[in-house]
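In the two assemblies presented below, chain A is common to both, partnered first by chain B and then by chain C.
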Partner chain A sequence: MLTFILKRLGLAVLVAITVSFISFSLLFLSGDPAAALAGETASGEDIEAIRRLYGFDRPMLVQYGEWLFSALRGDFGESYYFKLPVASLIADRLQVTMLLGLCGILFALLTAVPLGVAAAIRPNSIIDRLALFLSVAGQAMPSFWFGLILIVVLAIQLGWLPPSGASTWRHFVMPTIVLGYYAMPAIMRLTRAGMLDVLESDFIRTARAKGAGETRVLFKHALRNAIIPVVSLAAVQMGFMLGGSIVVESVFALHGAGFLAWESIARNDLPTVQALILVFSMFYIIFTFLADVLNAWLDPRMRSA
Partner chain B sequence: MTTPLLSVKNLNLTIPTGSGTLHAVRGIDFDLHRGETLSIVGESGSGKSLTSLALMGLLGKSIARSADEMRFDGIDLLAANRRVMRDLRGNRIAMIFQEPMTSLNPAYTIGDQLTETLLLHRKVSKSVARARAVELLEKVGITAAESRLSQYPHQLSGGLRQRVMIALALMCEPDLLIADEPTTALDVTIQAQILRLLVDLTREMNMAMILITHDLGVVARVADKVAVMYAGELVETGPAQEVFATPSHPYTRGLLRCIPQPGKTERGAPLGTIPGVVPSLIGEVSGCVFRTRCPHARAECRAEIPQYGTPSHGFRCVYDDGALSEEGEFA
Partner chain C sequence: MSNAPDPLLQEIQGPSPRQMLKTRALGHKGLLFGMAVVGLLVLVAILAPVLAPHDPYAQSLMNRMVPPVFMGGTWEHPLGTDHLGRDYLSRLIYGARVSLLIGAVAALISGVIGTAMGVAAGYFGGKVDAVVTFLINVRLAMPVVLVALAVVAILGGSLTVVICVLGLLLWDRFAVVMRASTLQVSRRDYVAAAQVIGASTPRILLTEIMPNIFNNLIVVITLEMAHAILLEAALSFLGLGVQPPTPSWGLMVSEGKNMMLFEPWLVLIPGAVLFVLVLAINLMGDGLRDVTSPEGRS
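Coming up: the complex of A and B.
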């Protein structure tokens, strides 16, 4: 198990370095950064001056090394647009996004897994149909539309929840539901299919032949095996949610990292874009790694992989 | 005579299929006493596994079970609720499944899976359960038993998994052990060894055993009683020695012809086979099911077939013994 973890960790670090290099090179792929900084009216000499001032004239690898080293210390430079340190800008916005992402994935898992299990225990029953309906509806309905419906019903008509903002936990209820519901159908269907499959297997019959009760058969013997692919899927969705949802953040006026990404791309704010890409990728890498470790714990066959 | 440990009368199993009802098992009767080994033989698909799963109450949801009687040590298995069945399974009735490669849970260690059975049924500590698991693993011939407890199924070969399954079935010293082809995954020398072991253990623990196998050689060596199954029916049942000495049903004779006999069969000679195909069991099944392959079949074989022979050695065929000559039987 320990060698497995170390191997996966090594792999994660390699991927992280590659990703960091790619996100750094974006600066150069998107045109001349000195020209962008200098503005449209600048003369050739001004651009040259800026190039030297910011060190864009040095070899790329040197610049990458410098950038990476600062990034590791949490220094991502200064935002061209906000004129603030990128690190504090992102840290500020990430709080909202991370809270929302965590709540969203928890909501998705806590609805999808029990529903998937219940649907698999009794295929074609009422509960199975309900699960199918919820999952089809979840996939067909655009998030912004679902969000607006919730605002109209829960906030405006019933007045139960605030329509927008991020100051109290009540502000997060509707965004959590919208974001979580977006991830729910895939998790639900994977859980249901996995359970159906596992419940047919010979070792489940063995568990019953031992005299194990139905709850033990379902949760100790079946779910443990059926949940393995769900863990990987949830990790990817988690990484996705931590990247922030521009739609959900806009509908509920939660200014999180997703919104920041949109703003900084629109404003050509390269240091911020670069840092965001790096941070989002790191989330993916970290969650994939954690999912691998969790899966190896769940499924001993993976430990030797 | 003492009351049997297990008594089954007129067991029928039906499975709904797209093209009608499959009468997979029909009219099964047998009794089994403590310490006895009953061997069920018959070709693939004859309903041996279904019959044993019916005893365990582990049939799939779609399969319907009916019987006049199914009694285990005074307990009416037909009326038993889930609680009662759960207390019996793994505890007083245990089963070794035909599929050793897939019958262990890949997510748990051998030790967890072995001790689980004992912990479910007995108020014992984990360490007592582990000691019992080690003892049984050693008994079924697994070396370094202690260290196997922390291994996972995928780390064991098929033969070892089969032995683990046997140990698992024995954890609670069941009164009845159902062994469904317990040696299929093993090579020939180990097969003999494991069978010997099962027989010794049944003696030692005074267990009754239902041993399902294709291998008549095995039956001849270990069974007290034989039940020959064909297309869902028991065509002949009786004490093993009698059935082997005077097989009365044409199918039994055909089967016996299929095993090479030392001295009689020439080396390299092809094994005997029974020509013909098994009839479909979908829809009403009437008359003798073997008539599509029987060399003696005649008009009466389409009607209801009476049971002949003695109460202990019975068979279902229109020819009551003697009238049947071996001539013309399967070449």
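Coming up: the complex of A and C.
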């Protein structure tokens, strides 16, 4: 088990370093970052001054090393636009995104798992068909459009919820639904498939033969086994969702890290963009690492992989 | 000898695999629906100049935000006009071109990259496999929307840039699926037989491996095409994808957003078309998987 954790940790660190290098090199994609920063009207001298000020005149690898080591100490430099340290800017905004991600994954789990179980108990029933319909529709739904429809119906026509902002829990209802619905189909399908699989297995037949009640069979025996892969999928989805919150946050004007990403991209604020890509990747890497360790702990067969 | 099949022989052999595939495909409602809708929209995209009642770029400031015909408009503009007086139906029709083009080309680019990586990893194993698996891990860790937005913002939004960015980002599922399929196929006896008779590696890959993983490849291409179309719409919606005045459905939703309070159809119509197209492509992909994969044959 320890070998597995160490190996997996090594992989996570390598992935993190590679991602950090890619997000750093985005700065150089534009050709000359100093010229981009100075703007179109800048003279050659201005560009040269900026190049020296930000240290763009040194070799790229030296700059990367310096950036990485400051990043490890929690220093991502200063935002070009907000003129604030990037780290504190992100830390401020991350709370909203984390809260949204947490609500979203809870919403997804609370709808997907019961629906998946109900669908598996009675395949081809109305509930199964409803579950299939919801998951097929969810996979095709453009989340920005779904969000706008909710705003039109729930906020404007019915007036139940505020259309945008983040000051009360009511502001989080619609973003949670949109973000949660994005993760729901995959979780629902996996729960359903897992339950169908488990319900056919021998130990379920044994449990029934022993005279265990149906509820006990379903929840104590079947669901406990079917839920294992769902937990790790939920962790992966959570990582995806934090990255996907950029669309939802901009639709509902929730001032979280996703919205910050959109603002800083639109304003060419590269230090913030680089840091955000790294932060969102780190979340994904940490979540998948935890999911793999959890899986290996629950199922020893996974440890060899 | 007549070419007509011998009825007795046919009875003994049973239906050919091709006939069985056809029967399964015709019995799959989702697949038929998906193919019909996608086929229709492809036709609409090809025939756009013939079908569109107006020039999608022609502005008419006298006719701004005319409502669609079912909301009290006239047949002059069946789906009304937008905030610049451009005919909404014509823009929708030309928008199908943008979505389908981006979806198809992006899926093609990512398909080539991902298939090459996946097949190499599955066939050669060892270090090649380790490197490819590592690259897949790195790619999955990068937030797609964020990276795509950033790159489009740096390079400037255009159809070509959006297609290339999406193509270079969406190869992960190809690599994962093609790696697994190749692993499975390369253990078969006919691959060993080809190796024994001294067939070259490219020959084995092209004539033994590729034909046998082709079905899975088609399924992933369809699903990734839907993915790319949704992402393009999201990028354009956020203002960092296809740039105005190009008629993109995501952009149309974004342009209609400001008038959503009074004219909700400006947002509803392009989003609904986008939803239907992606739904149809997904149903087609799921259906293809059901009818081609052995475990789906029940």
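Note that the second predicted complex is superposed on the first by the 254 of 305 C-alpha atoms of A that agree within 3 Å, B and C clash if a C-alpha of one lies under 4 Å from a C-alpha of the other, contacts with A are read in each partner's own complex, and residues count from 1 in each chain.
In the analysis below, contacts are C-beta pairs under 8 Å (C-beta built on N, C-alpha and C of every residue); 3 or more make two chains touch, one makes a residue touch a chain.
These numbers come from a predicted model, not from an experiment.
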For A:V19 in the superposed arrangement: first (chain B), second (chain C), both or neither? second
Touched partner set for A:L11, first chain B, second chain C, both or neither: second
In the superposed arrangement, does A:D299 touch chain B (first), chain C (second), both or neither? first
Examine A:N225 and indicate which partner it touches, taking first as chain B and second as chain C; both and neither are also allowed. first
Looking at chain A, does chain B or chain C touch a larger number of its residues? C
Does the superposition put A:I285 against chain B (first), chain C (second), both, or neither? second
So, A:L106: does it touch chain B (first), chain C (second), both, or neither? neither
Overlap of chain C and chain B interfaces on chain A (superposed complexes): none
In the complex, chain A touches chain C at residues 11, 14-16, 18-19, 22-23, 26, 29-30, 36, 136-137, 139-145, 148-149, 151-152, 156, 242-244, 246-247, 250, 261-262, 265-266, 268, 273, 276-277, 280-281, 284-285, 288
Residue numbers on chain A that touch chain B, as the complex places them: 201-203, 205-214, 221, 224-225, 298-301
So in the complex, which bits of chain C are touching chain A? 134, 137-138, 140-147, 149-151, 153-155, 226, 230, 233-234, 237-240, 250, 253, 257, 260-261, 264, 267-268, 271, 274-275, 278-279, 282-283, 286
Quick check: in the complex, which residue numbers of chain B touch chain A? 56, 58, 82, 86-91, 94-95, 97, 99, 102-107, 109, 116-117, 120-121, 152, 154, 165, 168
